[in-house]
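The two complexes that follow have chain A in common; it is paired with chain B in the first and with chain C in the second.
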Partner chain A sequence: MTTTETPERARSGVLRRLIRHRLALTGLVILVLMLLFSFLGPLIYGTDQVHTDLGAVRLPPGPGHPLGTDELGHDVLGRLMVAGRVSLIIGVIAGLIGTAIGAVWGAVAGYSGGWLDLVLMRIVDTGVAIPALFLLLVAATLVTPSVGILAVLIGVVSWLVPARLMRAETVTIAEREYIKALRAIGGSRTRAVFRHIIPNAIGTVMVNVTFQIADAILLVAYVSFLGLGVAPPQTDWGAMLSKGITYTYDGAWWLIVPPGIAIILVVAAFNFIGDGLRDAFEVRKRAAQ
Partner chain B sequence: MVAGGSVSFALPPSATPNWILPIGVSGYGATYNSAIRNTLYPPLYLFDKTSNGTLGMDEKASAAQPPVYSPDGRTVSITLRNLTWSDGKPVTARDVEFFYNLVKAGKKQWSIYSEGRIPDNVTGFETTGQRSFRLHLDKKYNQDWFTANQLSRLIPMPQAVWDKTSDNGPVGDFDRNPKTAEKVFDYLVGQGKQLGKFSTNPLFKVVDGPFAIQDFSTRGQVTLRRNPHYTGPDPAHLDTVRFQTFTSSAAEYNVLLAGGVDYGYVPTSDLGQRAKLEGLGYRITPWDGWAVSYIPYNFNNPALGTVFKQRYVREAIQRSVNQDGIADVIWRQAATKTYGPVPQGTASKYLSPRQQRNPYPFDPARAKRQLAQHGWRTGSDGVAYCADPHACGPGIQKGTRLSMTVLSESGSDETTGMIQELKSSLSRIGVDLEISQRPLNSVLAATAQCKPADPSCGWQLSFFGTQGSWYYDADPSGERLFGTNGTSNLGSYSNPHADELIAETNESDDQFAMREYSAFLAEDLPVIWVPNPAYQVSAIDSALHGVTQDPLADLYPQRWYWTR
Partner chain C sequence: MNDVLRVRDLGVRFDTEAGEVTALDGLSFSLGEREILAVVGESGSGKSTMAMSVLRLLGGAATVSGSVELEGEDVLALRGEELRRVRGKRAAMIFQEPMTALNPLQRIGAQIAEALRNHDPEPERLTQYRDRVRELLERVEIDDPDRRMRQYPHQLSGGQRQRVLIAMAIGCEPRLLIADEPTTALDVTVQAGILDLLRRIRDESGTAILLITHNMGVVADIADRILVLRAGKLVEQANSAQLFAAPEQEYTRELLEAVPLLGGRAEPSTVDDNGPALELERVTVRYGGGVKAVDEVSLRVGRGELLGLVGESGSGKSTIGGCALGLVRPESGAVRLFGTDPNRAKRREALELRRRIGVVFQDPGSSLDPRMTIGQCIAEPLLVHREGTKSGRAKRIAELLDAVELGAGVADRFPHELSGGQRQRVSLARALVLGPDLLIADEPTSALDVSVQATVLALLARLHQELFFGCLFISHDLAVVDNVCDRVAVLNRGRVVEQGERTEVLGHPSEDYTRRLVLASPVPDPVAQAERRRARTGEA
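And now, the complex of A and B:
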């Protein structure tokens, strides 16, 4: 028995199940709030994040500075907002780039099979063996990091795991009747990959995007922590955390706790959404079978 | 004072001592190498902070008595102190001649050789007695400079033991023939590279300094023991000194907190823990280097070279450097405000009152007025542009914007903070400063001398001074830094008057030549002067005394002693 579910109905079903998923809903709410905080917040709570104020460094939270000031006198609440923009933009772009490359790579490998599959997946295996952080640090020493460059760099080093997932998914899909039929009538490999395999693996891809974004936000935090993040006076949550830790023994907790919480919340939110999406797509698959 | 005992000293992060031969070769020039070597083989002259707090000759530590120059300045007579090699033979003029002959034969390999400098500027070595000799010079030099920056490079070596070309070969006068001298040079350098054998090699058992080698590991751990045969005026109080190496400053700091180091350092980022360290029995004290820090302008940059050549622009930029704020707040008082080419962390006769008083105090409002008076107007984006080319200066096109990029080394929160502070201050006068952070080696590679048409001439400003941009010899002359075509004149600064003053500091007898040079370069601003960070912030066991933190990074551990 098969269902006659249309793509539109399938999508609305996924969305409905996603919203019913409590953890995913929590993740969505957190994410929306953090997006509003980072992108609309500075319009409501305007602060000067370019000029330093050496007469007001490391002030504890209080009137005028709800989250205190940092080591150069910047308002920490305002800085948390502008840093959030950088972290989220890099995270989302890098997550999308990594997943896109990985999806195409894995689909081509899985659909082609034979020596091409072997070569493509051994390249992936080799890449996985090299820590992404190491590659990023090397790259960041060769080019001056900016938001765009960091997003691309992180994206380019994060496609390997999605490639493996997509290849496994493709091998399964490639055995289905409609793909066999396409082959029989001489359909091209490009058409098979881009019109049939990737759209049918969208569930896997979507789930992976959320995890990739979360990983990318953490990666940019690591890189910034090691001093190779975006150029000042721009900053991101990882860089804020890194500098804040310097002043741990001064008791300046307000330089550590806010960016730390922001990173945890956003990464957790994307993971919750990813979990929810996975469950939602699983339901659809079960229904389809 | 408690006689004897041992002290453990923390070397800089990742430092691995690997050279003790008095003749240095390229790649082995780290300051900790020379600091250790000087305890084994004292040079003719050593300079450090004297008892009155100024930089001067350390006569006790030097191997010779102060030099005497002839009235015409063309010869210098030197008498050695009563030192003895540890094999019992006296240190003689022949041992200095041996060194001189070897560096003459192998000067291309001698790491501190510079064309026209020693040994090129010595035309003859004349022995006048067992412990005295005379050097004939090619011309008259400034005596302060020659003693501090030339004679200080000469180090007696045990000719009676080292003048050979192989392990089992005979000892002779091979150094007196240039061809065989080269072979001796190569043999000794070869021995100098076998650091695993330093503690057992018979060559290095013969020393004339207050210490001898007890242990020298390839991993960087070095132990010196008191030389019982030392006959000079500066004997060691301690039995042993252990030099310890660490992979990072964090690793060193952890050992320091655990009490595993008697004389270590505190990473600047951990200065907030000063009270805790003092509670553990350490005294915390910055170690000022004989250095200056600065941001060179690239005067040949195609876009902004003509702008940088305008002194009023440099004055306006210098007036935007908040040295008080940077030194006190960002560096937490572990940096010295510096307004010119002479280091200001240690008092010296070289510092001019003009430099000391800061010719361009922090005053952004005045800086902005100064730019406005010269035809610069602030655009809608807050960046100044040249509205009146005649007033802006020759070569500056109408519409030229004061928008520039600084290459700055990454990895230091203090450096990042300082550059951000500079960006902030400059933005108030209409200068847009873009910050490009890179690792130190990358910044140094990009900051090269260049011609305007060179592809490598794109850099505009550069900072590489997290641990000081330039460490001087005892005499802070600036021929390499600010002389036209000087080898380290990265920004191609050129001013005929500065060249004249630099020549005076090297060659004239004028006692005040260095002060005039100091005053002129403090005013002419060949670079942006910024606070000079301390060489390190030391944590010293409060019972360890006799420590002089030498601005030239020498150690003098023979003077350390315990009081418990």
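And now, the complex of A and C:
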């Protein structure tokens, strides 16, 4: 350990360890590639994803259509790109919303203690008992989901786990002697929460964000697979799977395999990054002891 | 004399992320029958690693070299089942933390019986060992063995649990007993009993004992011969009387000098009365509606006075500190800071009172926020009370870092880059940043090595001379209190049993409990320790 480490260098230490983590690096590379594919891909490989072309329905992969076409004549490779945008945007927004709500909820419960803690956490317990997918399906039947609405919906049903996590972190941190020392000289609660507890829990929270995003992308896929996703002509990877599955027996594998692989890659990438982040932060914690 | 244990050129290296670390290097010694060999050293000296390597209990990251012969057999060459036969049968181990060394879900009797069955050539049902278990519990002097056998670990006190572990260890009559800090987690009065028991086991069965400890008083009480380790290397090896009377090596001398002596400071201190800093009047605290943690305690710390509050674990000393700091609200009674009760004062006034106190806690690992720089940690009380400009604060931080002998250069570092002793100095600087009139120090040096403790205590004494704050000094260590404080209050089960001038209370205790406490506190002098043992056992 060098003796003159500045905050910037300490932070870059986490980044350095993350990059050194082989699995996390793999995840990062996959993620960047998928982002480029979804957001910059359409600029290079332009296709018409709005109008149907009934003259070119379910063409197998070949010249002009590297991954074939779907049942409405859309080019599958191009469709994979625009669907990726929807999946990634919803995933990231929902993951962030879920973690943010959960972190605040958990920190308040954990630091207040007493009856407030009891009430807040029993609400979480109740929420955990109701399957998120069920809530989502009910909501999706009531409103026609746009990308924004779906992102918020998924975020709102997925804050429970981060809330528990944050509460546990808060309870441990609140017992530390530097918090007691602060309280003893008359330091405020706000100061304790924002200057000490949140900065010290940030590692755990950031790791959780990556897992939340992966979960959210899967949830979008489930909902769309069940036919309650974003409205056509928009689509996402789950919706592509759902439509493609109808033609399995016709041998149209190119309708299922590409979106399936895309989902697996992105979810795995976020999980790898999460694992890497956790290790990177833990090394820092170990050095702190 | 036959050697039970012969260690030659023992080396242990650990493979870590940061590269290879040498924990032990070229250690050779032997241990004879009926001998108690103490291995002493400060943290990181490799003493526990040594104990673990005798029974090959180190994990896969360790590379062990050299040889360890137990009754002529090389332990390092043993594999699998052969090794299992040796562990517990020919050499047994006693650990530091008796709560985690016992299975909380199994009855005491069954756990001891299992230790016996492990080495029984014809294993029987656990219940078949009942008579032998009772006999063992009697040997380790546990009251009412028949009832204890049916109890679970949490129903026993710490000392009783340690006795159970000793019963398990001696069950198969091993020739060697390895005790790794066996009394560190225990109160002094309980510690004295455990040491007596170990001595008796040695006398009755001729067992050789390898005792690992950091406490020189324990060593003086029980050891025949002593090894001093430092950073994995042997510094000195001598018999007990010789080592304490005339240490050969400079390091050993420093180590012995750093140990605070009970009764080592002769002159009584005189403090003029400058009015009260902290007063507790008939304070009672009850946790969860149950037992009284603090029972009608009245105390007074004058301005510029150092009051030592001593007591064993569970005596309520930290709770009293919490009351003074406003972290614990008393059920009844009054806590007054500089004559005013902050619990009854207006918010602004209470905050003004809190501004005048500083606090230092025990654990250097959690007393500073790991994500703040040292400078930020020290500046926090200034920010809470909105004091000073940015440059003024920086100047104050530099001043204080100089005052605690760290130098202004560490202000930009993070806590994990500092050692435990350095972190406690930073805590002290933070406590003093507002120029307090009262300092609450709750076991400020208990987690530190003796040499580090000595420097931190010297620093505290110097700062007290210069700044003249009142101080409530909470400690379990009578010798430390004797060296630091002007007056002493002795706490037992939430009550103050005795308080008064230091030389009076610790030198000529008038209460039975204080006398027992003083006699049980080991002093690093084998001759004096033998006398004290006679006085203690004669009294009992």
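Criterion: the second predicted complex is superposed on the first by the 276 of 289 C-alpha atoms of A that agree within 3 Å, B and C clash if a C-alpha of one lies under 4 Å from a C-alpha of the other, contacts with A are read in each partner's own complex, and residues count from 1 in each chain.
One rule holds for everything that comes next: a contact is a pair of C-beta atoms (placed from the backbone, for glycine too) under 8 Å apart; a residue touches a chain by one contact, two chains touch by 3 or more.
This structure is a prediction, so every number in the text was calculated from the model and none was measured.
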Per-residue touch tally on chain A - higher for chain B or for chain C: C
Partner chain in contact with A:Arg191 - chain B first, chain C second, else both or neither: second
Partner chain in contact with A:Asn200 - chain B first, chain C second, else both or neither: second
First (chain B), second (chain C), both or neither touched by A:Ala181: second
First (chain B), second (chain C), both or neither touched by A:Leu228: first
Which superposed partner A:Lys243 touches (first chain B, second chain C, both, neither): first
First (chain B), second (chain C), both or neither touched by A:Thr47: neither
Doubly contacted residues of chain A, that is, touched by chain B and again by chain C: none
Complex interface listing, chain B residues touching chain A: 269-270, 272-273, 276, 322, 325-326, 329-330, 410-413, 416-417, 419-421, 423-425, 427-428, 434-439, 442
Complex contacts: residues of chain A adjacent to chain C: 1, 3-7, 10, 176-178, 180-188, 191, 195-196, 199-200, 283, 285, 287-289
Parts of chain C lying in touch with chain A, wherever the complex brings them together: 17, 325-327, 350-351, 354-355, 357-359, 361-363, 365-371, 373, 377, 380-381, 384-385, 412-417, 427, 430-431, 434, 440
Residue numbers on chain A that touch chain B, as the complex places them: 50-52, 54-55, 57, 71-72, 141-142, 144-145, 227-228, 231-233, 243, 246-250
